[in-house]
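Listed below are the structures to be examined.
Next come two complexes built around chain A: one with chain B, the other with chain C.
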Partner chain A sequence: MNPQTGQLLRNTLTLIVVVLVAWQALYWVVGDVALRSPLQTLAFAAKFTSTPQFAAHLAETSKAFGLALLLAVVIGLSIGFTLGASRFLSDVFEPMLVALYSIPKITLYPILLLAFGLGMSSKVAFGTIHGVIPIALFTITAVRNVKRVYIKTGHVMGLTPLDMIARIIVPAALPEIFAGLRIGFSLTLIGTLLGEMFASQRGLGFLLMSAIGLHNVDLIMTLTLLLTVFAGTASVVLLALNQRLYARS
Partner chain B sequence: MNVTQTAQTLLSNQVSLRKVDKVFSPPGKPADAVHALGPIDLELHHGEFFAVVGPSGCGKSTLLELIAGLSTATSGEVAFEGKPIEGRIPDGVGVVFQEDASFPWLTVSDNIAFGLRRMKLPPGEKARRIEKALAMMGLVPFANSYPAQLSGGMRQRVCIARTLVTEPRLILLDEPFGALDQQTRLLMGDEVLNLWRKTGATVFLITHALDEAAMLADRIGVMSARPGRLIDIVETGWSRDRDSRIVQEEQFGAITARLWRSLRQESMKAIGKIEAAT
Partner chain C sequence: MKSPVLWRIVILAGLVILLEVLCVAGVIDKLTMQPPHRILTDLFAMLATGALNKAIAKTLGNALIAFIIAMVVGVTSAIVIHRLRRVRDTLEPLFATYYAIPVFAFYPMLIVLLGLGDAPQIFIGAMLGVVAVIVNTLNGLDRVPGVLLKTARINQMSPVDTALRVTLPCASPYILTGAKLAVAYSLIGIIGAEFIMSSGGMGYEISFAYNNFDNATMYPLILLILLVSISINMMIARWEKVLMARRGLR
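Up next is the complex of A and B:
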């Protein structure tokens, strides 16, 4: 293990302990009406996650998130490489992407609902539009920042255009592209869950929304815990990989 | 290669430039055109060590890229071994650039192996050439390190080794030691002389250090301020087995002095231009 990964692990453990302590303390102050203690939540979560009902909702969310992420990555990288390679195209389209990035996606939701209807496709679309822009923007910058001298070296060595992309541009741009993928991952997850919360009859987002409606504190706490653990784990793993990539350059 | 071709290659110069000009004109803005180079006439002989000195921004790198086939001349003709280059990268030419071009995502030995990508060699021969290049550049202990773990000078050696494995007949070096301290530069100079002797290749070295040029080259081309033209060509007359100790010789001082005499005026022009522009 390299020292950076060790430090990341230490920071993560510290964060977990701090959150648990704060949670327990908050529970003592607020009481049973609005909160459950960490132990109670864990006990409920253990019971709830073994029900078939949970498995069905989890499968639904996994499918929506998987599809949304796949689309966001494929479309984001395609846009990124195309615009990054062409000064002209990026001059024209990059400002539009930045503008699109800064508007709250929720305002687009009614339009998406009209276009895709209730259910899987609008969830996927909502997840994708959250993730695709940061991936594209990071990729554009990454490709554009590839040192010119690497390209010249490739020319002198007689690389074909395909080899130039696969052997030089991609590896040179990878650390920065990966940073975009990391952000794209979390935003796609947020987008997918938001989609489920507002226009779906299935999935963890829907489950969370109905738990809020029924004031089912156990379920709210459990779902929040599960989602936090999942997003947190993924984020730490991706960050560790990213640091490995940067360490070399 | 048949006998007549061989004879022709031996007789003709390895590189020849005829009335070469390079103008950079940004698309749609003819007013911003920069006349970077020329007109230049230059002949490089087989196996010689040719150095170029000139004030900064005078078009040295531009000249190198024309010979390497990385860019095309605006007018005039560049030929390598009798064939016009016209923006096609010729086989048998190796380039070491001014900036660090070692690939950070590959180990030192993978960087060097990258040089062999376009050659179809049996694996044994590849391994042998990589070993040889590692040894020649003193990189054996670092074969499995990444460039980020090496000093700037070491990384530049990786780039030289990556070029050497292709066994080029012409090696173009663009200020390869520009970022190094004086002592290291003298020693690297010795190494370049060594590999020039061992490989038998023609070496074209760009440098801004007059003493480096005086110590290493058979002939030194002196360039004017932009647009770069050759204003003097100095023959040093060193023997082929020279090394950095020739800096003590009287002739060395005389050559450096002559280079400076030719360059002083041009360097002042270059500085004057910088001041006028800012």
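Up next is the complex of A and C:
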């Protein structure tokens, strides 16, 4: 267990160093027109994160992302458990989910804007549709792969459906469900940000979009760095937890 | 086998009819969405007049180039990474984070680097797709049975020959899974970049139509993109199934 987490940590550190070196090298090649060096970006980030403007946008994005993630997890898990428990339902609906997963969802943003209006609800919806399908698909597979013996034992013991889910299916399928949640987390985040970029007047995504429009390189680099650091930290933590779950089962 | 397919068609038809009824009855107003039959007739009219054919050809052509680059670069680098255990372990956190990074933030930099035109858009599309291809190809390479590799070594095949004749064919179903994702991601990259900044292409036309409340152009274009991506994906999925069936899997 622990050596695996240690190895992950070491790999992450190596990766960070490699990325920093590559970034600096790219900066030397490209120059000030379109890029800032890691040090300049850090300095600007330190200054920028202490402004009240940043705090307001951050709060907006966190709220949208939190809501979207909550919705994606709840809806995804319910779809996953319902379809995973029934062979017939999953036969009917799983290919539809796979088809939905593969469409470029970015094209749907005008429809969501028209349906939900400009603001919080449309970006939450955008985040949710990105995250919900992978969570559902992973949960379906996870629930279906639970050993028949466990389920039969549950039946013999006369468990209620709710007990069956809480005491048998969830513990047995947890590592795989967690893998789905991990991917759902990333996709919900990028979905929320894309929603903010195209369909919002507030939030980090909007800030990024306006920085792109104004060619404010400092701000673009800072926001990208902050988002990448956040997403990276969360992903690595979730990955470590996931490895631990797999190791235990 | 027959009945799930039938059910799926019935459910889809039901949803479309429901949408049609809601639109015609005015529950969903005209500015939000047009009834499905109007979208279809608009699509045919649009394709027949050929007014937007240039934009469609540009977007789909760029997406195709981005897809090919993502596949070639992805599969080749996966083969290389697969042999280097340390490199692969180091890249693992990157693969886990990659799809949460807003790649579009690099679009302005790419425009400065590669100039205005199709190149930055293709770059973004390829950049998005390549990691999905790498991850799935690695997954496939992991599952190549050791005995095949030993046979290759006994026949003294060169590394390139081994890759082309043994490992890649063996991993092909998994590579196809990556290909399906790469199709979607190359479209996302191209269209997203066109939304942000460009002077042509389907993404540009969609956002232009959106800004002008021109639903008669916007919905057919969106439908066309969805139809293209779903049909390509179904084709790849069918191919994947054939490959799996040939091996007696599934």
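We take it that the second predicted complex is superposed on the first by the 244 of 249 C-alpha atoms of A that agree within 3 Å, B and C clash if a C-alpha of one lies under 4 Å from a C-alpha of the other, contacts with A are read in each partner's own complex, and residues count from 1 in each chain.
The working rule: a contact is a pair of C-beta atoms (placed from the backbone, for glycine too) under 8 Å apart; a residue touches a chain by one contact, two chains touch by 3 or more.
Nothing here was measured: the structure is a model prediction, and the numbers come from that model.
*Asks:* After aligning the two structures on chain A, examine chain B and chain C and state clash or fit.
*Replies:* fit
*Asks:* Just checking: does A:Gln4 make contact with chain B only, chain C only, both, or neither of them? Give me first, second, both or neither.
*Replies:* neither
*Asks:* Answer with first, second, both or neither: which of chain B and chain C does A:Asp163 touch in the superposed model?
*Replies:* first
*Asks:* Report the partner of chain A that touches more of its residues: chain B or chain C.
*Replies:* Higher number of touched chain A residues: C.
*Asks:* Looking at A:Pro171, would you say it contacts chain B, chain C, both, or neither? Reply first, second, both or neither.
*Replies:* Touch partner of A:Pro171: chain B, not chain C.
*Asks:* Going by the contact rule set out at the top, does A:Ser37 touch chain B (first), chain C (second), both, or neither?
*Replies:* neither
*Asks:* Looking at A:Tyr150, would you say it contacts chain B, chain C, both, or neither? Reply first, second, both or neither.
*Replies:* A:Tyr150 contacts chain B only, not chain C.
*Asks:* One more residue to check, A:Ala247. First (chain B), second (chain C), both or neither?
*Replies:* first
*Asks:* Nearest CA pair across chain B and chain C in the overlay: distance in Å?
*Replies:* Shortest inter-chain C-alpha distance (chain B to chain C): 11 Å.
*Asks:* Once bound in the complex, which stretches of chain A touch chain C?
*Replies:* 7-8, 11-12, 14-15, 18, 30, 33-35, 88, 91-93, 95-96, 98-99, 102-111, 113-115, 182-183, 185-187, 189-190, 193-194, 197-198, 205, 208-209, 212, 215, 217, 220, 223-224, 227-228, 231-232, 234-236, 238-239
*Asks:* Please give the residue numbers of chain B that touch chain A in the complex, ascending.
*Replies:* Interface residues on chain B, with respect to chain A: 65, 68, 70, 89, 91, 93-95, 97-101, 103-106, 114-115, 117-118, 146, 148.
*Asks:* Using the touch rule from the top, collect the residues of chain A that touch chain B in their complex.
*Replies:* Against chain B, the touching part of chain A is residues 147, 149-150, 152-153, 155-159, 163, 167-168, 171-172, 174, 247-249.
*Asks:* Report the residues of chain C in contact with chain A in the complex, numbered from low to high.
*Replies:* It comes out as residues 4, 7-8, 11-12, 31-33, 89-94, 96-97, 99-102, 104-109, 111-113, 180-181, 183-185, 187-188, 191-192, 195-197, 203, 206-207, 209-210, 218-219, 222, 225-226, 229-230, 233-234, 237.
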